[in-house]
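Taking it in order: structure first as structure tokens, then the write-up.
Read from first to last, the chains carry the letters A, B, C, D, E and F; within each, the first residue is number 1.
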Amino acid sequence: MLLHLSTWSEVDQFLKRSQTIVIPIGSNEQHGPTGLLGTDWLCPEIICRAAETQGDILVAPTFNIGMAQHHLGFAGTISLRPTTFIAAIMDWVHSLSRHGFRKILFLNGHGGNVASIEAAFSEIYAESSFAGRRAGFALKLCNWWDLEGVNELARDMFPTGHGAHATPSEIAVTQFAFPDTIKHADYAPKIAPSGPIREALEFRGRFPDGRMGSDPGQATPEKGRALVELAARSLLTELAAFTNESVPA
Amino acid sequence: MLLHLSTWSEVDQFLKRSQTIVIPIGSNEQHGPTGLLGTDWLCPEIICRAAETQGDILVAPTFNIGMAQHHLGFAGTISLRPTTFIAAIMDWVHSLSRHGFRKILFLNGHGGNVASIEAAFSEIYAESSFAGRRAGFALKLCNWWDLEGVNELARDMFPTGHGAHATPSEIAVTQFAFPDTIKHADYAPKIAPSGPIREALEFRGRFPDGRMGSDPGQATPEKGRALVELAARSLLTELAAFTNESVPA
Amino acid sequence: MLLHLSTWSEVDQFLKRSQTIVIPIGSNEQHGPTGLLGTDWLCPEIICRAAETQGDILVAPTFNIGMAQHHLGFAGTISLRPTTFIAAIMDWVHSLSRHGFRKILFLNGHGGNVASIEAAFSEIYAESSFAGRRAGFALKLCNWWDLEGVNELARDMFPTGHGAHATPSEIAVTQFAFPDTIKHADYAPKIAPSGPIREALEFRGRFPDGRMGSDPGQATPEKGRALVELAARSLLTELAAFTNESVPA
Amino acid sequence: MLLHLSTWSEVDQFLKRSQTIVIPIGSNEQHGPTGLLGTDWLCPEIICRAAETQGDILVAPTFNIGMAQHHLGFAGTISLRPTTFIAAIMDWVHSLSRHGFRKILFLNGHGGNVASIEAAFSEIYAESSFAGRRAGFALKLCNWWDLEGVNELARDMFPTGHGAHATPSEIAVTQFAFPDTIKHADYAPKIAPSGPIREALEFRGRFPDGRMGSDPGQATPEKGRALVELAARSLLTELAAFTNESVPA
Amino acid sequence: MLLHLSTWSEVDQFLKRSQTIVIPIGSNEQHGPTGLLGTDWLCPEIICRAAETQGDILVAPTFNIGMAQHHLGFAGTISLRPTTFIAAIMDWVHSLSRHGFRKILFLNGHGGNVASIEAAFSEIYAESSFAGRRAGFALKLCNWWDLEGVNELARDMFPTGHGAHATPSEIAVTQFAFPDTIKHADYAPKIAPSGPIREALEFRGRFPDGRMGSDPGQATPEKGRALVELAARSLLTELAAFTNESVPA
Amino acid sequence: MLLHLSTWSEVDQFLKRSQTIVIPIGSNEQHGPTGLLGTDWLCPEIICRAAETQGDILVAPTFNIGMAQHHLGFAGTISLRPTTFIAAIMDWVHSLSRHGFRKILFLNGHGGNVASIEAAFSEIYAESSFAGRRAGFALKLCNWWDLEGVNELARDMFPTGHGAHATPSEIAVTQFAFPDTIKHADYAPKIAPSGPIREALEFRGRFPDGRMGSDPGQATPEKGRALVELAARSLLTELAAFTNESVPA
């Protein structure tokens, strides 16, 4: 069930049988010479929608802009500051918990989001912790590549040149979902360099075409399909486990 | 051109021929017994994408969560606080202006967003105004129903029971775009009541099924198609005028 | 009854017979070659004080600095950022609601304030809406020129050249109240230009003497008196209606 | 010269001969059984306006709401949180310094404001200090009772029962300016108790009628006149000294 | 008892016999040619630890960075903005009050902290005051030099050249505690100048070697010992009085 | 060289030979039945001070309160909210970078700090990234247990029951540094349970004595000495590498 294509009374009905919701969350940022700017929010959205066709889950609208300050040297990147990101996640969670959702899973598509999302969770929990009361809900962050089996599959497909940004696995996922948008380039070097992430101008100096450690030329729509199918199945498992997780009194 | 399906170098190319971008912006909130929760962000997204097939414009990802505090009494509504909304709009604008965009148009789908978006514009402009320097970009807010001819068409189609929330025109637009999601209900009363908007519990007391002044039963996909086609054409006109608008030295 | 000239026990007495208060709110900003910098906060203050002599109402101190970032190119303008404005309105409302005021009307004298005041109301209501509880009070924004009959009277008095800033009607109100401060100028052009409002330097480029669409030379103290008398009567009506407005359970 | 009764071009003229401005700043809060709620902002306003009739100074609009959280247990008190207060003072200073004011004096009427105003000054200066540049303006806080000779005169007039809140000297000043609002009460005890200031409910428990250490029954309009006349003269001296103060290169 | 060298269950035990805690708070900032950068946080820490050996008190970790924007022109100074400082004090107090501490005394070592700490207290109390509930705890700020007898002793030791920053008394305290770090310099002039405190560059222009009004050459470790011993005894007295202070119902 | 025991001119001298500084950063929070509340800030402080005796490095004062919201169910824990933490780190970095430090390493002692510190780095870098300018400094986060060889040594020492909180390795470090504070307990169970971290009350329900997955009974001062000696050497290596790291133009 897709929240945005449902009515409020359908959500009320859903809440009677489950208090779990999944939010695809990512970033809109450069993904090298051939990767789509939307890659990092499209991947979790694609996986959530694939899972939704197979199980009775509720998928929230996609949180499509994240923490991408280091990519701002490349056109089309849109970034929130971490403090803005924290405030927005807080408002999403307060909205959903008010309706009775008690397990809220963020399926994340951008490594650069992790710290800010976890900081947001702590900011939210801190309200209860300072007040000495229970929060009444649990938050979970899960990167789509960490879903059961996905990293292993990606490693099998791309034993070298997977890298950390504009990876062949994420490019493959978008190629599968948007075959009309597949782009090609001569990557030079074939595998991009690695290094630390700091501010945007230094980033562009260090990673001139935007890739980090990756050779996205290995991506194919077929590999993308396999990744999505596995990730969707694992997401259903993950959501079921999260739903069933018991909480100390 | 859809930003999220483009690469950074394609955006660089676009910037050479135009520094204008349109951002669909809306809200995810209850829309009465039959309206989709995503209605207010789907409408501007649908119109932008229709326009994009007809003109060389650049469409940003959709800003899908807005200011909907008064709808929080109905399940599925997700709202930002105005101050969070302002911070997020600020970050979007700073990201885009950094890349060289000089005309940024927000095509809005939610009346409740207007004050916060305008306050955000003032917050952004104030940075330049306090510093005594030019901003270097212009911001514009345009509700999709205020695009040339659209209000008139809606009034012709729905002379009574258009109302202010869960209107037949916005329901029609989503029916056209998502015909599989069309829902029906016996509206009682046929035309919903009107009144002031305050906090969520008072809102639900005043507007028990979520509609405000509207009879969405009049919506049809065909009417939706006509509205989208007209709005898309008018959006192209609006964007061209905004692009060509000269600015005092 | 003027709050600032009362004691706390007199306010306690007032609260036993009414829980309604009116706050004059405006801005301190340039008003063209002849308009007073205080025009926008003086007008609602003048009207409230005229009304107070005729009815048992309680008038708060004047909120005299608002959102005027676009006027900062002209000396004497003082502006809050929208987020500061929101925080301050929040504190005023929390102070007054704590004492038992349940209907708080802001009589506004500056169009540029509207978005930020409405955003502030939403920020305040959102606290209750997220928490799932009633606010216990209602907020209302009313521009003095929207009081019953006032716009009509102004249109009759000034069929052309009323404009949007440094209007003859607001100049007339201050001429009536402060006849010693009346200033004259040769306005060139007679009716000022119109156009969009952005940051301060662009604003000054577009509106070189500060006026927008207006010919303030039409103002007279007598017209000001008529406007104030009408507005004061209509304010009493407005406050009575707001006081009596019932709220859904 | 009163800023709010001037035009922007008159302020431009003033700036050519002086870059100094004085801002009356106070609080709107309970002042015991007989004191006006506006006492703390009326006193500096009264003194500034008296001084303005005698010297070529520029008086800003009155900053009438300050930090009065401890008085919120008494009806009519309106308080800003310190962080709101800091943000607002910051915006006032940025507005005025942008116009070219280089010496900004806050004439304060409320002891409870002092810490927040000084914190605001530090917040403002810190912007320059972190950036390693000069601020370009100087800020000064002066309580009206600390103007030369004023404390001495008050001590002579009220050797006992002056106290710290709802003092006979501030009551006298408002009696002089607003003789129609003079109120009387049997104070019990004659001199109010003293003690620490914490939150509002504890404050009311400790100071049941709102006074702190004072016997306001000693106030007379004549004493108020003497205080105002002296304070006005001393304010002119203070402003001249501040204007002439040289700053290290 | 030093909190940081205790276990949580030891703190639980302590709370059964006392709900009072003392927090050494200071600043890390230049202290002239010979003063340690840590002087202002070391002094209260030294005094608290001396007191802790003589009485059953609980000493929190030292809050070692304060408001020192004006010293940023000298290397090694670390400053919080006042608003950051307020937020941090708020979190400390909310943490400690949650555990049951009801009397929280900040022993301060930096005059520049006073306004921000008091503003923080008001910000914290305001939460209760706006909500109309008791805070449940009392906060107290005490500068170590204001402990009973300390100012007098310092005046006896240093009748001239005590000054306001890099004073011989604070230098002496650190000389006593860290005799290996004693530094010497030819102070020119012997007694440093005095003047107002504004931003960092102006400060350095006015106070070229960092001292304000002081001759730290008078400091000796023996004088430091006497100051610490007296201050430690007076701190125990102060804490006992604060603990025993009764609060109105 | 310890910053807090140095003068500003000594820091100026240091800056001529190195622009690198290390900040010990941790948390003050419960560490099980026997662990010191200060463990997480003491460990990096101990290691930094050991390293400082062996190399020409500059050690900042210890940032002793971090993000520990989940431990607030245990007395003595003091936590910042993530947003406060971010603001404070920002101020530290802006202070130090203003003095000319270009490599700032945070040696961290608390896993719960990692997300907030990284979010703070992004918030700081974002200022430059949005502005399109270089930051001029590089930030690095290093947990002391991730210093070269340390994790391996800890694993050798404690092959089972190392766990994630109140670990024998951190307890050992404090036992070495503070042998007088060694405490004993019968741990039941010997190895504490594991599980997710959420708000404070749930945390205490899940981890009743505060430990997570650890058996701190294995700690000895001798093991602590070995850990500190290795970590100190590795910190010097780490700082040298960071100092020498070249940055793209």
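Here is the rule we use: contacts are C-beta pairs under 8 Å (C-beta built on N, C-alpha and C of every residue); 3 or more make two chains touch, one makes a residue touch a chain.
Everything numeric in this text was worked out from a predicted model, so none of it was measured.
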{"item": "Both-way neighbours, i.e. chains that touch chain F and touch chain D", "value": "B, E"}
{"item": "Contacts common to chain C and chain F (chain labels)", "value": "A, B, D, E"}
{"item": "Identity of the chain that, by mean CA position, is farthest from chain D", "value": "A"}
{"item": "Chain B and chain C, separation of their C-alpha mean positions in angstrom", "value": "29"}
{"item": "CA centroid of chain C to CA centroid of chain D, Å", "value": "25"}
{"item": "Junction residues of chain B, two or more chains touched", "value": "72, 79, 81, 83, 95, 98, 130, 132"}
{"item": "Contact pairs between chains, per stated definition", "value": "A-B, A-C, A-E, A-F, B-C, B-D, B-F, C-D, C-E, D-E, D-F, E-F"}
{"item": "Complex contact set, residues of chain B against chain D", "value": "130, 132"}
{"item": "Interfacial residue positions of chain C with respect to chain D in the complex", "value": "3-9, 11-12, 15, 28, 30-38, 41-42, 60-65, 72, 74-81, 83-84, 87-88, 90-92, 95-96, 98-100, 178, 181, 183, 210"}
{"item": "In the complex, chain B residues that touch chain F", "value": "94-95, 98"}
{"item": "Of chain D, residues touching chain E in the complex", "value": "67, 69-70, 72-73, 79, 81-83, 86, 112, 114-116, 118-120, 122-123, 125-126, 128-130, 132-135, 138-140, 196, 198-202, 205-206, 247-249"}
